[in-house]
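The two complexes that follow have chain A in common; it is paired with chain B in the first and with chain C in the second.
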Partner chain A sequence: MSGGVLYRPGDSPVHRIPPQVKLLAAFAAVLGVVATPREAFWAFGIDLFVVLAVWSVAGVPVGWFARRAVIEAPFVLLAVVLPFVSGGPRVDVLGVAVSQDGLLAGWNILAKGTLGVLIALTLAATTQPRDLVLGLQRLRAPAWFVTIATLMLRYVDVIAGELRRTRIARISRGDDPRFLWQAGAVARGAGTLFLRSYERGERVHRAMLARGWAGHMPAGPAAPVGALRWVAGGSPALVIATAWAVAAWPV
Partner chain B sequence: MTASVAMHLSDGVLDASTSVLFGAVAVAWLAVAAARGRIDVDDRTAPLAGLLAAFLFAMQLLNFPVLPGVSGHLYGGALAAILLGPWVGALCLSVVVVIQALLFADGGLTALGANMTNMALLGTAVGFAVALAARGLARRSRAGLLAVAFLAGLVSTVAASAGFVVEYAIGGQADVSLGGLAGVVIGVHAVIGIGEGVITALAVGAIVRVRPDLIYLVRTSETRELVAA
Partner chain C sequence: MGGGRVAGVSALDVRGLTYRYPDGTAVLHGIDLHVEPGERVAVLGPNGAGKTTFVLHLNGVLTGTGHIEVAGLPLSPDTMREIRRRVGVVFQDPDDQLFMPTVADDVAFGPANFGVTEPELGERVRAALSAVGMAEHADRSPMHLSEGQRRRVALATVLASDPELLVLDEPSANLEPVARRELAEVLLSLDRTMLMVTHDLPYALQLCPRAVLIDNGVVVADGPTRDLLADADLLAAHRLELPWGFVPQP
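Our next item is the complex of A and B:
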């Protein structure tokens, strides 16, 4: 797919790391962030520093990430509400008594949610969609998953484009639904689109059979990934995991 | 229909062990769904499912304005369950949820298991259970089918949000009153679910007029064989 994708073409060392390494590193890094005790404020500082370092290597500007990080906004709301609705001992912040536990919980969601979305955005910005699926395939994702994901990414633009064209066709013929009344048009459009997608799926399957489809996506030759590249690609996750281990170490 | 990101859990809302737990739940459930959906046996199912996942993805991608500042999109749990059945429907939606997390950072990576459990698995399973329970009504008349689809859409949305409440009770970060949280979350999603139900019903209504044989819920076992052949 091309439209709406976050991938930023580039040739940085971050871009060149094999996708399976990047996927594992991203998951490990986010898990490390989430597992870090919320009182270990310094650890989140280290995590943020690691993310910033990866961006500077990848050559993606900070502002780009900031604009896209708003996707987690609904949970920021939760973070803001928690200090006021949680139980437990109260502390005064700017003259307002708020729950100490709720304050920490809010901070926890804000810090981990933000770091999580930044790490995921880093993965999305430096990896092509089809490479992401290839990485999942090399990480032994089930064959059905790889097939569905590959075809989905290949055809989502086609189908979204069809949806857009039917909408324009509808509007250009004088239909102008507003507010809730557009539900009818949207839903009937969805029904038509389902039928077209189904029939396209049947045609695609027959075309695949004609080209020798045997039930699973060919992976193509994969160059073996040397230990050095695993270490290089995994190093940010390693730093974050170390920060977690130190923070969580029972003193 | 909902603000486009409201249902995807972000990182840090659930603790690490709960995140891992629901990752395991999602993987186990998907393994069952793959086996029951016979997706590896029939070479036709997976490519078709790919196109239908693209359909669900496209439906989620396109927002339409509901009120000023509020845009909505279909979530599609009940629609997938009614059209594709509970197994293939769950597989398609779980691919959508995974790709959204990886491609758009929509939903946290550690919350992926919980998000898949809520939206791809719980939503389709509950939506299908409701539809199956009322299948007699759905087969009797067109109005019956629409009513069943509406109900399935509504209940599946509420079930997905109830999944979040359960996850928060297990591994949430603050001791908020669970009753209050459940009231707010489920209340909001009941309203959202009405929109989801209306769209699901009208979409199923449009399909049944043209190709009733494609709707998993109302297909008899004979036509199902016929379609598979």
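Our next item is the complex of A and C:
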């Protein structure tokens, strides 16, 4: 399950914060990062410090996040290319003339993208996938969204398993597993997988109806979250939001 | 849990049930079936006979024409919710039935939908999982269970709603011999009215004293399972066959 890749079991104060608090805090933190002016380098430094502090309290090593942050690589590539391909005034960096606007735009993508990914990974590393869905439900996310998230959580492995089996079946019948040669077979396999998943969706829907499903996932009663826990859980986002407010304040 | 029975009322009464697919193809041509409380009935028939389509009518997932009554309650749009509580369907593929992240969540899904709340909900989940010998797996993902364990959890998901009628669609499909026997032991330990759709004729003989044979959308035979399985001509006429070497004892 994807949760097995992203979630790191633990019993730290960060792990124990109710999922709805963490979801809201992560959302607010990402908003704060995105809204920060790109020239406010110091503010991004504070944001990174906050993220590192949360990791430290959560007891999750930096390497855990670094390996998973590789997903950001395509954006990093774009950020690196921008200073060379953008127009406008040039500045010398290590003896190479690059676009000043492109440099700032690349930095903007790199800083905000990296911090956004790290915040999302922090949420995923400290919250069980099913608790994330529960948190969404407690935040009154639309019922259809919660249902889709719940089913996705359950069936992503089933579909991945089917994909694995069809690949093995293809290879067993002499399919060449090099990219260009197998593109056609992969495309046909994806089509078959879609149809199978669609049919399974219909069967699952019937099984849900048979057990009284009425359009929304049943949720157990949630223990009320005290003000102190909201403040504790929301404090990293508060620091990031404060850094944004100071950086964006007109001088 | 006991699936409370009302004296003098049949567990299931189906009269003249017919159904056509949306494209007009007729599947059920007038099924009649009467099941008494506590009976265990096997529903036999070749592929395409309409067995699963029939099962999906019992809790109103499909709606044809005819009369269906469960423990004295006629099936209608007004009674659909209660009928779905009364009829517990265990589907053929546990992966279709177990859609929640953990075993306990899945077992709680039905009763929670039917309005059961804590602390009774937790008690129902524990009792249902204990009944199928899966109590220690409550917090695991269904994905990490064996096929036999998943089948037993699927059974628990419907037991938790305390149904009057248990309907099992091919319960022994894809099970290794040990898991097959374990499931049979669990099913025999349940004091429930049971309808079991199966191709597995020895399993039908082991679990169900009575059998009905459905072909071309009608009931073509109804009687003691042993008698039906001993009728080689009847089986052959409806594309059923006992496993090689299997001879039902008279």
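Rule of thumb we're sticking to: the second predicted complex is superposed on the first by the 238 of 251 C-alpha atoms of A that agree within 3 Å, B and C clash if a C-alpha of one lies under 4 Å from a C-alpha of the other, contacts with A are read in each partner's own complex, and residues count from 1 in each chain.
Basically, contacts are C-beta pairs under 8 Å (C-beta built on N, C-alpha and C of every residue); 3 or more make two chains touch, one makes a residue touch a chain.
On a predicted model such as this, the values are computed, not experimentally measured, just so you know.
Between chain B and chain C, B touches the greater number of residues of chain A.
Once the two complexes are overlaid on the shared chain, A:Pro129 sits against chain B and chain C alike.
Within the superposed three-chain model, A:Thr150 lies in touch with chain B and with chain C [touch as defined at top].
In the superposition on chain A, contact of A:Leu115 is made with chain B only, not with chain C. In the superposition on chain A, A:Ala97 contacts neither chain B nor chain C.
Of the two partner chains, neither chain B nor chain C is touched by A:Leu52. Of the two partner chains, both chain B and chain C are touched by A:Val204. Of the two partner chains placed by the overlay, only chain B lies in contact with A:Ala187; chain C stays clear of it. Of the two partner chains placed by superposition, only chain C is touched by A:Pro218; chain B is not.
On chain A, the surface patch touched by chain B in one complex and by chain C in the other comprises residues 129, 150-151, 153-155, 158, 200, 204, 208-209, 213-214.
Listed in rising order, the residues of chain B touching chain A in the complex are 3, 5-6, 9-13, 15-16, 19-20, 30, 34, 39-40, 43-55, 57-59, 61-62, 64, 66-67, 74, 79, 83, 91-92, 95-96, 98-99, 101-106, 108-111, 173-177, 180, 195, 198-207, 210-211, 214. Residues of chain A that touch chain B in their complex: 4-6, 23, 26-27, 30-31, 33-35, 38, 68-69, 71-75, 78, 82, 85-88, 99, 101-102, 104-106, 108-113, 115-117, 119-121, 123-124, 129, 132, 142-145, 147-156, 158-160, 163-164, 179-180, 182-184, 186-188, 190-195, 197-198, 200-202, 204-205, 208-209, 213-215. Of all residues in chain C, only 56, 59, 61, 81, 84-85, 87-89, 91, 93, 95-102, 105, 108-110, 112-114, 117-118, 121, 141-143, 157-158, 161 touch chain A in the complex they form. The part of chain A that touches chain C in the complex is made up of residues 1, 129-130, 133, 150-151, 153-155, 157-158, 200, 203-204, 206-214, 217-218, 220-221.
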